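One chain, chain A, appears in both complexes that follow, with chain B as partner in the first and chain C in the second.
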Partner chain A sequence: MKITNEVRISDNGFVFNSKTGDSFNVNPTGLELTKLIAQGHDFDSIKNIFLEKYDLDDLTFEKDFYEFCALIKHHQITSQEDPLDFK
Partner chain B sequence: MEKFKYVKPGMSKINAGMPSKFGLPVKQKIISGIDGIPVSALIEEYGSPLFVISEKTIRDVYGEAKRAFDTRYPKVQFAWSYKTNYLDAVCSIFHEEGSWAEVVSGFEFEKALSNGVNGSQILFNGPEKSRDDLIMAIENNACIHIDHFDELYLLIEITREIQKKARVAIRINLDAGIYPIWDRFGFNYENGEAWNAINRIMLAESLELIGLHTHIGTYIMAQAAYGIAASKLANLYMAIHRKFDYWLKYLDLGGGFASKNTLKGAYMPGSETCPSFDDYAEAISNALISSEIPHENLPVLFLETGRALIDDAGYLLTTVLANKRLNGGRRSMVIDAGVNLLFTSFWYNLGVFPTKEMDHAEETTIYGPLCMNIDVIRDAIVFPQVKTGDQLVIERVGAYNITQWMQFINYRPNVVLIDNDGKTHIIRKKESLATFKKVEFDPKRG
Partner chain C sequence: MSKTKTKITIAVTGLNNTDNPGPGVPVIRSLKESTEFDVRIIGLVYETLEPGIYMEGLCDKIFQIPYPSAGSDELIDRIEQIHNQDKIDVLIPNFDSELFSFMKNEERLLRSGIHTFLPTMKQFQEREKDKLIEYGEKYGIKVPASINLGSLGQISEIKEKLKYPVMVKGQFYDAYVANNLEQVKQIFHKISDKWGLPVIIQEFVKGTEVNVIALGDGLGNTIAAVPMRKQYITDKGKAWGGITLSDEKMLEITRSLIRQTKWKGGMELELIKTVSGEYYLIEINPRIPAWVYLAVGAGQNIPEALVKLALGQEVAPMGEYKAGKMFVRYSYDILVDLEKFETIAMNGEI
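Coming up: the complex of A and B.
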């Protein structure tokens, strides 16, 4: 899963997708996740970063991570060529 | 190092150029408690889902309705519509406030009697009254509202047999500008059927005609329609006096007043569009007072409004079971209260509210817990992020849900009353397997 080339992410949580013309607001944790995905971190690496930083358990993070991934994929912010690729 | 507080990651699409037609977004309404009792405490003690009825709200709303009519018309009598909510504790509150009972079946009649209502203060409506029901009504001196000619002749037959007079009224359907006209109930005014029925009753020695009744529909938003209905009843009232030199005792305008719930497909919220009790009272009282009925012979005005009196007093507390993202990207969630408990969710966009401040509102579909595709509580509601286990409140569910609910897949939950002193009481116990074992029989097991 990677952020598509047409997507630009500002530091204050504004996301613009020039492919679709849509723009979005992400909250601070959403912004952090998006940036980590953009930097190429995989799920385990992002999980470790979040568990270290936030008062959070691994199952809650996993649930929220995959829900967020489904949402950004739906908005064509990420592309996932292989439907079995969940990394 | 102390860790930061975690907030669920969220994203919302910016829809520029599509401002809300109602102006700036309003602050999310939160219902954290009912009559001063926290929702969390109620669920902890009585489980989830949980129906909660507020005695204070019942009495406040009833007082508002009574004041609206009493200040405009000299003789007003409310009759509590049992089918709207016939929990004994609820009926008792209305009877304490002075309401008679309005029933539509033998079961409801028996319930009213068991609640201590004097038989002469029961209005017996509806198309289904068995021979036994009618005998019970006659023996108890109830006001029987005749629905059709077959019932009229059955009554004549029964009263001859048991040699007792029946006190009757007839139900009249009429054109008050509300369509479709509910012509399946009662005798028609415009084509003369009602006048024929009246003449037949006046000739029957064993029947005493004491009133006229109409019920023009349900969730009626146009109060003027009640004025038209009242005028037509007043015409019949005077026609009876002219022909038979006889004054009836009452005119019954039925119910059908709207509650503040929002109908599906409505442009504006029901709380903004629903006429007030004052609006209905003004229309009905004006029509009767300005009719040709002499003031000294004005009949008692009966009202059988149910929905508008009880809807606000009922809440359903529920818990979030799951959050899901649907294929199209739409957010959805599953709660532990389904359409089997909320019959009115088929008609209304029910108000669903969180119990605490939450962020990141997004258009959401709310599903009930049933393994049935039709179990949708709200198709689309802008709702904040909630977690599994979070508690929500569905408001204005006091009317028709606790009578039309259905035992399906799961047990029906506790119903709790918060009394005027802020104390809670179970007024209907949650079902259990034993509930079913009592009434089911398996011939193979003996």
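Coming up: the complex of A and C.
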């Protein structure tokens, strides 16, 4: 999974997809996740960062992470060659 | 040392900057930003209340001209009369409905010294809405299924060939969504009264409407092309806000079409992008669209390039533009003294 080339992410949480013309506001947690994905972190690495930083259990992280990934994929912010690939 | 700009007089139609805007005003704004031409603008208007007449600093001179429906000869005679009074170097017509008269008289205008850069009659006619299916087949581009209604008697064909909702379109302008037979009948009358027959019934393709403004040099080269998505659409289906896109597929479709047709002049491709990423061509407007100033802001001054082509100058293709550039329209009240309105109404010029 990777952020598509046409997507621009601002530090204030504004995400713009220049291929579709869509723009989104993500909250600070969403921004953190998006940036980690953009930096090339895989699922395990992001999970470790979040579990260390926040009061969070494995299961909740996984559920919220996959939900967030499905949402940004739907909006063509990320592309996945393999639908099960969250690396 | 700054380059000396060439002084030039350009006549422009389409100053009706209403909620269904003509491209005249943005074309003039674009020309005034030319780095190569020092332009003097002659505004050509059909109606005395076209807002461009009253916009300060827009036109140097305004002339009223007769509607093309009054006859091509009357229109061209009037243009020549204006030319004799106030020399026109280049004429940029901006309405679909007047293009036929200007294309037909292109040589006559040139003999008088008036340059244009218009599509050929073949290019103009083969992209007409009622021929879109043949056009799609010929040039390898997906188009929605459609039926041309020459009379209401054919209305039963809709049920056989299409599913509701459908788009009901006039041959020049106007497009409405109809959800059932009754609505088709109502819109049919509305459109045929205004724009004549046929009325086109088109399959409703679900997706996002996206557009490309482009300029072809008549030899198959794409001189300019900028894709855009409407962000805010009026009840007339016009863009009130839009944003430039970085979409290589849309550019490929445009280049392919211009290469195959050797399109000459400005154009607008109206496309629907489906959720699965397919593009359907729903219309080709054979002229510069009203959102041209967005393309200029994004880095491609299409009206300036069109003027150069009209004058026989070489223009290199413009590849770059800024994606994510937006435009937002607004309405604004201009206060007008009665004397100004009286002058244009009575003298046909100001």
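Keep this in mind: the second predicted complex is superposed on the first by the 85 of 87 C-alpha atoms of A that agree within 3 Å, B and C clash if a C-alpha of one lies under 4 Å from a C-alpha of the other, contacts with A are read in each partner's own complex, and residues count from 1 in each chain.
Basically, a residue touches a chain if its C-beta (ideal position, glycine included) is under 8 Å from a C-beta of that chain, and two chains touch if they have at least 3 such contacts.
Note that the structure is predicted; figures quoted are calculated from it, not measured.
When both complexes are superposed on chain A, chain B and chain C sit side by side without a clash. Of the two partner chains placed by superposition, only chain C is touched by A:6; chain B is not. In the superposed pair of complexes, A:72 makes contact with chain B only, with no contact to chain C. Of the two partner chains placed around the shared chain by superposition, chain C is the only one that A:21 touches, whereas chain B remains out of contact.
Of the two partners, chain B and chain C, it is B that touches more residues of chain A.
Seen from the CA centre of chain A, the centres of chain B and chain C span an angle of about 80°, rounded to a multiple of 10. In the superposition on chain A, contact of A:33 is made with chain B only, not with chain C. Once chain A of one complex is fitted onto chain A of the other, the partner contacts of A:56 are limited to chain B, with no touch recorded for chain C. Shortest separation of chain B and chain C in the overlay equals 5 Å (C-alpha atoms, whole Å). Touching chain A in their complex are the following residues of chain C: 208, 210, 228-229, 231, 243-247, 323-324.
Of all residues in chain A, those touching chain C in their complex are 6, 8, 16, 18-21.
Residues 15, 22-30, 32-33, 50, 53-56, 60, 64-65, 67-68, 70-72, 74-75 of chain A are the ones touching chain B in the complex. Listed in rising order, the residues of chain B touching chain A in the complex are 3-14, 16, 323, 325, 328-329, 359-360.
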